[in-house]
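Encoded as structure tokens, here's the structure I'll be asking about.
Here the chain labels run A, B, C, D, E, F, G, H, I, J, K and L in written order, and each chain numbers its own residues starting at 1.
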Amino acid sequence: MNVAVIHGPNLNLLGVREPDVYGTVTLAEIDERIRALAEALGVEVTICQHNSEGAMIDAIQQAGCEADGIVINPAGYTHTSVAIHDALKAVPVPAIEVHLSNILAREDWRQRSMTAPACAGVIGGLGADSYLLALRGIVALVEAGR
Amino acid sequence: MNVAVIHGPNLNLLGVREPDVYGTVTLAEIDERIRALAEALGVEVTICQHNSEGAMIDAIQQAGCEADGIVINPAGYTHTSVAIHDALKAVPVPAIEVHLSNILAREDWRQRSMTAPACAGVIGGLGADSYLLALRGIVALVEAGR
Amino acid sequence: MNVAVIHGPNLNLLGVREPDVYGTVTLAEIDERIRALAEALGVEVTICQHNSEGAMIDAIQQAGCEADGIVINPAGYTHTSVAIHDALKAVPVPAIEVHLSNILAREDWRQRSMTAPACAGVIGGLGADSYLLALRGIVALVEAGR
Amino acid sequence: MNVAVIHGPNLNLLGVREPDVYGTVTLAEIDERIRALAEALGVEVTICQHNSEGAMIDAIQQAGCEADGIVINPAGYTHTSVAIHDALKAVPVPAIEVHLSNILAREDWRQRSMTAPACAGVIGGLGADSYLLALRGIVALVEAGR
Amino acid sequence: MNVAVIHGPNLNLLGVREPDVYGTVTLAEIDERIRALAEALGVEVTICQHNSEGAMIDAIQQAGCEADGIVINPAGYTHTSVAIHDALKAVPVPAIEVHLSNILAREDWRQRSMTAPACAGVIGGLGADSYLLALRGIVALVEAGR
Amino acid sequence: MNVAVIHGPNLNLLGVREPDVYGTVTLAEIDERIRALAEALGVEVTICQHNSEGAMIDAIQQAGCEADGIVINPAGYTHTSVAIHDALKAVPVPAIEVHLSNILAREDWRQRSMTAPACAGVIGGLGADSYLLALRGIVALVEAGR
Amino acid sequence: MNVAVIHGPNLNLLGVREPDVYGTVTLAEIDERIRALAEALGVEVTICQHNSEGAMIDAIQQAGCEADGIVINPAGYTHTSVAIHDALKAVPVPAIEVHLSNILAREDWRQRSMTAPACAGVIGGLGADSYLLALRGIVALVEAGR
Amino acid sequence: MNVAVIHGPNLNLLGVREPDVYGTVTLAEIDERIRALAEALGVEVTICQHNSEGAMIDAIQQAGCEADGIVINPAGYTHTSVAIHDALKAVPVPAIEVHLSNILAREDWRQRSMTAPACAGVIGGLGADSYLLALRGIVALVEAGR
Amino acid sequence: MNVAVIHGPNLNLLGVREPDVYGTVTLAEIDERIRALAEALGVEVTICQHNSEGAMIDAIQQAGCEADGIVINPAGYTHTSVAIHDALKAVPVPAIEVHLSNILAREDWRQRSMTAPACAGVIGGLGADSYLLALRGIVALVEAGR
Amino acid sequence: MNVAVIHGPNLNLLGVREPDVYGTVTLAEIDERIRALAEALGVEVTICQHNSEGAMIDAIQQAGCEADGIVINPAGYTHTSVAIHDALKAVPVPAIEVHLSNILAREDWRQRSMTAPACAGVIGGLGADSYLLALRGIVALVEAGR
Amino acid sequence: MNVAVIHGPNLNLLGVREPDVYGTVTLAEIDERIRALAEALGVEVTICQHNSEGAMIDAIQQAGCEADGIVINPAGYTHTSVAIHDALKAVPVPAIEVHLSNILAREDWRQRSMTAPACAGVIGGLGADSYLLALRGIVALVEAGR
Amino acid sequence: MNVAVIHGPNLNLLGVREPDVYGTVTLAEIDERIRALAEALGVEVTICQHNSEGAMIDAIQQAGCEADGIVINPAGYTHTSVAIHDALKAVPVPAIEVHLSNILAREDWRQRSMTAPACAGVIGGLGADSYLLALRGIVALVEAGR
């Protein structure tokens, strides 16, 4: 089983960016934890990060061909991107949306997710653990679908 | 470590109620899986279900005294209950909100969560697995806070 | 055939409460008229009144087991209760929503019914007759469904 | 006692039009059932159907002169017609609004009734039975007013 | 100079219809006062009343050919009719919109005028005098435009 | 009979200010026409202009003591002033609101009048003639009330 | 194959009405171009124009019996008519909605189409060509459906 | 004279719950101050606290029979409860709504009070003093009404 | 201790103005009661009334220098004045907002207070008693802050 | 004459992506039909597809230099992209917006087009035929403009 | 060249008022910096501050006669004043609106500027520097217009 | 000191694009003026222009490493981009947002800035001068922060 993990815009700055909101863990550290859990679960992960909406759509389409499930944090595009919504709907593999912070407890315009309705589920507010739980979740989902 | 699991209104009908939306698993089966995972993780769980908003507030207040963390599915009260929001804020233990279905992909009025801003995180859309992941999440959260 | 008639909050004060809006008939008098018509139609009725949202949900769930149809006046919960909506959807018997006054001719926030979309039909504005017509309606509906 | 029954636009297509929403009963069959019940109740009915908003207003005004009560299904004009609202308010006889389907369970823009606030009551969601219950209701209302 | 006076739906019931809102003067009496003032001002008036939106559009189009100005009370169509708005814009003669009551002091949905933006001016709240002032106004407007 | 004419903010710049919207007539010229008509109608007029909301309230209160009716153009305060609304309601004499331009055909925020519901009627869109017709209207209104 | 072309209110004034918005071509000239193209495509067309909403509904119902497809420009009724929406849904033949101007680039209230959701497609902004393209489109649609 | 003081959900946690918002005074201390003032004013008080909406309605109905006035802090139910609104309207004794914090200075959804329109007055933002002033207020109100 | 009492626009008309809403007590009588209570409490009061928003701001700024607390009834400016909000925030003394009527039970646009969020608390609906309770409240607040 | 055809995000997945909404035709097949019609009409077409909003803007700017008209399907960017709107306005050649499905009959947020107001016209709902009709339309538009 | 600098309500309290939002610089210090820059640029400045909306309108009208450009900080009137908007539009000299804080990053109701659309430009968020840049900007604008 | 100037989408077309809105100055000419002023102020500038949102985020992140301040015109992305907002918040250098036109005086959807709340200040409406003033502003801001 192969799971694609797709990080959205500005997540490459994690650990530096607004640490009171997003914590001091870096993206590299999160990726390391994801890889360790994947190995423990016996699945492969492919991880990428993009600042461009178009590049994220490309990554989703590629995951639709090469992966069995998607873990995606659309970050700033969460709230507005119909095109990412459409990409997630267009590919034949399930996705789980992930957020480091609890977006429902933040600014009004961060409380709406345009992309979540195209996902099987959403996990948010638990920092790096959001990714790890989503990895467990997508593995269970893919296995259940076989 | 003790975790309180609080099920909201109508969840006692699971398996019977709109199975195309909520699946055919019964609440008893979910509780069994929660207990099995709790045992595996070495934590205790206390599980209850209430149709009454006031009874849910009582349960949250009790959990604030006796438990280290809360996993709560407010069900129909999710979208309107300021009083449950206030109860979750009033107790000194963290909570994770759980939904069986992906509420962001459903009716407009189900997409707003009044209670989620009072929780540390939210997990939804993954059926019974939502509870299991939330249990893992709350355990990690409580351990990190020690 | 058995029909459950469920009265919502404050309806026990009928006859006393704002008589210019709700009339001077008491709930006991309405119940008597309901029972008389039920007898004439050859059906049984079970009647209850609750001020608590949770108790109304319990009553709906019980009716789902023991009755063939529901006549419900959710009163003040009409406009906000997702949980009663969910209970009505969760039980395998049809319901008709009843209002004494014409809620569409009153305050803005009384014009929206959160619970009506979970019912087969709605009858309002005709005072105690709303209940009697709803009883006739639910009997016809249950018979048609057999 | 004379009751005017006024059918609104497109109801002449009943039975053909979207049968999954409106059923397979034709308007002629509904009218027959209305006439039968009227005879049983000992009242006269005058029935008409109009596609034109202006013609419906004319019919309401005429009913204001010649009938004791009105049963009206404004159909597509329900949601927008101030002019029909005004006509119903202008005539000295009570009216009950009828809908075949449960408009509160349909599209957003079908959930608002512009005309209902000018009626004594509203009955919806019960197919042809909506008309029959409304006929009973208006007869009771007129008798009570005498 | 010829002025077309166009009365909208239900105005034929004036004097009978909701006298606390619209007064006890009949439309015939208003028309008489309009004709008397027209004679005093030395202009001709053509007066009609229609319950149908389409007939009102026909009347506006006719006035566009045969009259020099229009005084129109769109009544219930005021608040919704794009088609009357378009008709008033389409004809090459100016119009003044008239209301018997002060629509800005009434229900929310009566406070918006869809048709007024297509008129030169609006006069409301002064009962039958609204028409007389509008007649003076349109005469001045047409004379100023010559 | 005495009529108070109260001009609101910036009307002292008439003739200079945005002549494509408000015309080239000056306030002095309008006042002259008002005085001429008043003389013709046999009534006295007191005219003032104020840029300050508080001064307008003072003027309304004074008119409540000394005049029989008010013609007021609240100009920029039309759309927001609850205090002027309250002043107009507080005084025992009727008022007619006047606008030079047709505010219903302009920007969204100019289409709402906060002050009009406190007036007997509204006349707008007819330039200086709006004032003259309002003077006629208020005179008729006061006479009718005697 | 027979196609019904239905023109809505005020389109009979084309060429005269606001030529900067709608152009100088008359409806007769458009109809001539429609007939020429119909002949070239080997289909029959029946063309009508109505100012009345009720008459448009009649025409749609008639087209449902006698034609294979509908090209309709609801004009001013586009934005408000639930009844025309219902008529288009009620008939068993497909329709394409046409607009001369690009309604999405105009006033807010012209940007919503109430009737378009009941049509197979929409073509707007291309003047008389909108009709010709719609004719080609409906012919293709009907042929594809055979 | 007897005054019922009704505390809403989560107020039993006062002193513990979010002390930066609600202060460190406990409910027992507030009740003691209320009782002291009541004695000074020569009136009796009956005090209760409920987490359940239904229990609050019961308490209001009981107060309607046994007390002369009500001081109520609906807490989290303030913002949504139509049923408590209806209960307050249904009983024949006046009520004053109380809030510890200034709800108009907090989250958007806390600024609306559904229950206040059913009360004679509202006092908020003054901590425990809000209750004491309300007690003085209700005593004055009841005395004035005698 | 010195308390500034600031009355807003039109309050000078109290007793005359809409007595069904505001009662028949005059402002002079209210001021007398305020002065009597102040004397009883051993504090000084300075009372003023202004129709002008700017004058109210001046009074607030002056109170910021010379008084220890403010009791303010912004009347018609309550609902719109950002400038009074800013003035109340800018001065280093606490304020309590007062209303004679229960603004939450009146027109929609009277239910929002722009100025209350800049005050410590709000008291409304209790007529002249609102002022007396506010005086007690502000004295307690100032003493607690010492 | 040269026409640029610009396909937006995810259209490269056509035939695979949600075939119940978008059909089973692939983008290659649509392009073939476009090229065949272009040849028949004697015009050249340049076709491209982009997932990136920036790349679409580049393509529009290039078309502004090298083509005579644009046929564009902005897909997911239709509903949000101000930048594509601005690009279409910035280039000196006309554009027609195309949609495969009828966006006015879909989700609320798909019913608004941000880009259409910058186009001459819009064609939607007719599948691949939408493109062919748009090609005919843009050719007619360019020829008319010469 | 003469530039009028107009400070709005409460700005006289600068340095004292909410220093965490508005800084500790006083208005006198800002005025000094403005005068110094004016001298360096070779232009005259006239500076005033007003708490009253009416006085600000007077100042704008005076500037329209005596100055070549306006730098205005409408402060609390920014968000609501149609009358100041109208004054700025009515005078024949350009204006630049200035804010000390970044109003777009503050409360919702501070993010809308009613007055900015009547100005040539807006500068905000840069403290006292906002004024200095605005002075440079208006000088450049006036020079460019000569 | 180094300042990054980042131009958003379509600004490369300046001088050609809608000259009545954006003027006839080209981007090259603006850049020249910026470089000249930078030299005069003794600071370095790095200037880039991007049509892609992702590329703008890259540029902001790069500026966060290499520059001391940012001057950014997000153009079409101003109104929707959460991702650019987040990038500006994530970097440790201040930014000033610039607009050529006065966006507050344009279409509704152009009046909201999603990105401005993440900037220190905003300057708009002054054409190329907006950039020059922003350069002065950012230099002062950086110097003040040292």
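Just so it is clear, contacts are C-beta pairs under 8 Å (C-beta built on N, C-alpha and C of every residue); 3 or more make two chains touch, one makes a residue touch a chain.
Given the structure is predicted, the values throughout are model-derived calculations rather than measurements.
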Copies subunit B and subunit I - rotation angle from C-alpha fit, nearest 5 degrees
120
Comparing contact pairs by residue number, the option in I-K, H-I or A-L matching K-L for over half of them is H-I
Need the CA-centroid distance for the pair subunit E / subunit G, whole Å please.
31
State, to the nearest whole Å, the distance from the C-alpha centre of subunit A to the C-alpha centre of subunit I.
54
Can you list every residue of subunit E that touches 2 or more other chains, as numbers and ranges?
52-55, 80
Among the chains present, which pairs are found to touch?
A-B, A-J, A-L, B-C, B-H, C-D, C-H, D-E, D-G, E-F, E-G, F-I, F-K, G-J, H-I, I-K, J-L, K-L
Complex contacts: residues of subunit J adjacent to subunit A:
8-10, 12-13, 16-18, 50-55, 75-80, 109-110
Within their complex, subunit I touches subunit K through residues 52-55, 57-58, 61, 64, 80-87, 89-92, 114
In the complex, subunit C residues that touch subunit D
96, 102, 104-105, 111-113, 116-126, 129-130, 133, 136-137, 140-141
